[in-house]
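Below are two complexes that have chain A in common, paired first with chain B and then with chain C.
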Partner chain A sequence: MPSPQAPTGTTPSGLRHSRDTLRRLTVGAALLAAAGSAAPYTATLTPAAPQEIYLQVGVGAFTNNYINGGQPQVNATVNTVSATLAVGVVGNGTAQAMTTNSTAAQSYWDGYTFCTVPAQLYIGGFFRTTGATTAAAQVTATVPANLTDTTGDSIPFSQISWTSGGNGDTTANGFLPEVFPGGKFVSGGVQTVGSMASNTWNESCWTFSYANTVVTAAGTYTGAVLYTMTAP
Partner chain B sequence: MMSIRRFASTFFLGAALTIIWPAGARAKTVTIDDSGSQALEPSVTMRWKSAAPSRSAAGNVMIGTTTIRVRINVTPWLHHSGHIYLALPVQKPGPIGLSWITQGRFLPGQVASGNRVLVYAGPIASPFMEDTLTFQFSVNGALMARPVPVTYHFEMDEG
Partner chain C sequence: MKTSIVLKSLLGTAALTLPLIASAASTFTSGGGTLTATATVNFTVVIPQFLYLRVGTGSAYATGTLATGGSTDLITFSPAVGAVGNGTAVAGVGGDLAGGIETAAILGNGGNVTLVAGVTGALSDGAGDSISFTQITTAAAANAEATLLAAPPLTDTTSSETVPATNKIVKADAKWTFSYSNTVTPAAGTYGGSAGNNGIVTYTATML
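Right after this comes the complex of A and B.
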């Protein structure tokens, strides 16, 4: 009879192979485990409420100049721009320079004296957003139809225009091309007076002028223009 | 004579190899197991470095800080000397800056993505090395439209 154990003569060898294989598998698994545990550490960078918006027309408020770590603040002051006409020149077509009660001459960016007061009104701002450059933020002016006095007389807002500039206002000096250009009020309308690219500081100085082409009764005529910044 | 010549040539070849070999040897770099590290915050909150931007749109940097209890397994190099680096690979979303301060076990430093910086050089006396590192990441805000994972690792130069 053939020995029933003959086939089993290979068993030890087979077992040895199996053990070797098992050992290799074990080693392989250990290496894989080691490789897995040495994976690089991952930190997730999450932008947190990064959007900010700031508009200043006339005086504003910063805790300090930007380059010194200043933070924008809220300033509810409403500045005026005005002209006082002598009786003899009313309506003669000679434009009259207007002045402001704003004291904002310096840029909050670096403290540079950018505007000349009281001849000029400061306007500036920025908006912050993450990601690639977006569409520009728009600054609009909501303009009443007229300036009025207490007796109901009126002067069209379109009598007022402005030019734009600033001390040393050139690209070479680090200023952008004029983002708040000169213009003229549109009576009773909403008009765009400037735009700001994202993540840039924008500023101009406006010099207002009264056209003086209408003859009205003596009095104090007032009207308020509301400036609104809308960011995408 | 012939055998002497052969001996001599073998000797000089051996000597030449002995001289050349060390010069040709290159340090092997191995990523260190840092699976024992723990972040104290789940994510790194990125904020503008400055509230207001610049006139030129430059310098729109966002920064974020996180503290991590670093624990690296240096068992394979126990009782040897080693050079440990912190490496910040090139990765999305783009150029990344990383600086850190330590409690003293590792060296403080800073690194830009694509580079590494030495944080320890000396004997490896224990199986694990631990320190608490405060990291500050800096990234251009234009690259930060959404949360992004950033990886770094510690590595050992062997040899």
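Right after this comes the complex of A and C.
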């Protein structure tokens, strides 16, 4: 296992610190983008053996924060993002906010309270090589055609979309646009939802909503989306 | 022996690079070559069962407003002197669309719906005279939804019809035009108009 690492890279600029100056200054994080440029919140990692990738969607697991030498773990939990519609609004075209049972508010990068739960779902991770810069790792979502209930009814997954944000992320401090941007599910498809450059940690918080544009049979509809991170 | 060592080495490499495909919220992989890590998220949408019925004044269902409210409309037929019982239908006055016309709609998401029209008896003038509800006809014309909601014919008791669902969804509506057939010659008087004179038709929708 690699030794505990601290982020390295370019010297943090004052502009980039405006998101959370204390957080970044105290940990000495270095940010990839130059001051004034638009870039998502991304921190550089020190290359180390072995090459490693970590993907977290919802709750995750680390032995400690990464900047304190923490090592990634598997968390077998599968979080749920859900919406329960009120009587009288079914199919009225008013989008319904979805919430998550994920409790992941803090980043395992440095413990910063990045996401707001239960409104937001954390997505993040890292791609670390042994040294050389490589092509970025891609993160995709494999989406079923429909959410289904136990009696054969269905709702297209395309009824679900998301926006992306994170505490402290603003255009002014250069942490926007998000590395995992907002989007909408493509029913029955595989779609790219973000990427991670080699030797970086990346994270965003997703807020999902149900479009509610179709009148659907009563029931509890479920479906699972598989997120896959692939590094070259 | 040498071959065995090489084989073990290859197996070890393969194990490191195998993608983790079990359901989880976080996974990691390490080693050389292509690496894959996965995470799964479940999505749930809970749709409540609802049934909406409107006859006359009511909420704007066509734009998604399903609400209880409105008032009981009154439709009045007044045959002219000299025309009583002559067989020429008489148009009504009143209704939310005026001219004896009512908005009628049923929306539901739990399967077929039965619509019942019930009355407590023939229209009465309170003096022992009566007019059968069969003298009042209801014609359905297209409204906002794609499916036309036919009207159960009025009788002096109850009548019903089934509104079929498609994939458990019912979205049907119409403009119901009430007319007085005027094929009988009753005694002069005011018939119905109140519950005491059997003047109220109650429509009841039931999801099957």
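Definition applied: the second predicted complex is superposed on the first by the 173 of 232 C-alpha atoms of A that agree within 3 Å, B and C clash if a C-alpha of one lies under 4 Å from a C-alpha of the other, contacts with A are read in each partner's own complex, and residues count from 1 in each chain.
We adopt the following convention: contacts are C-beta pairs under 8 Å (C-beta built on N, C-alpha and C of every residue); 3 or more make two chains touch, one makes a residue touch a chain.
Because the structure is a prediction, the values reported are computed rather than measured.
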Chain B versus chain C as contact partner of A:Val90, first or second or both or neither:
second
Classify the contacts of A:Gly219 with the two partner chains as first (chain B alone), second (chain C alone), both, or neither.
second
Applying the document's definition of touch, where does A:Pro232 land relative to chain B and chain C: first, second, both, or neither?
second
With the two complexes superposed on chain A, say which partner A:Tyr54 touches: chain B (first), chain C (second), both, or neither.
both
First (chain B), second (chain C), both or neither touched by A:Asn75:
second
Which partner chains sit in contact with A:Tyr210 here, chain B, chain C, both or neither? Use first/second/both/neither.
second
Comparing chain C with chain B, which touches more residues belonging to chain A?
C
Please indicate which partner A:Ala172 is in contact with in the superposed arrangement: first for chain B, second for chain C, both, or neither.
neither
Contact residues common to both interfaces of chain A (with chain B and with chain C):
50, 52, 54, 72
Which chain A residues qualify as touching chain C in the complex?
50-61, 72-94, 98, 102, 104, 121, 125, 137, 147, 153, 155, 157, 159-160, 208, 210, 215-232
Which part of chain B faces chain A closely enough to touch in the complex?
30-35, 37, 39, 42-48, 50-57, 60, 62, 64, 66, 68, 73, 89, 135, 137, 139, 141-153
Complex contacts: residues of chain C adjacent to chain A
16, 19-20, 22-32, 34-50, 63-67, 107, 109-111, 167-169, 171
Help me check something: in the complex, which residues belonging to chain A touch chain B?
34, 37-48, 50, 52, 54, 62, 66, 69-72, 108-109, 126, 128, 130-133, 174-176, 197, 199-202
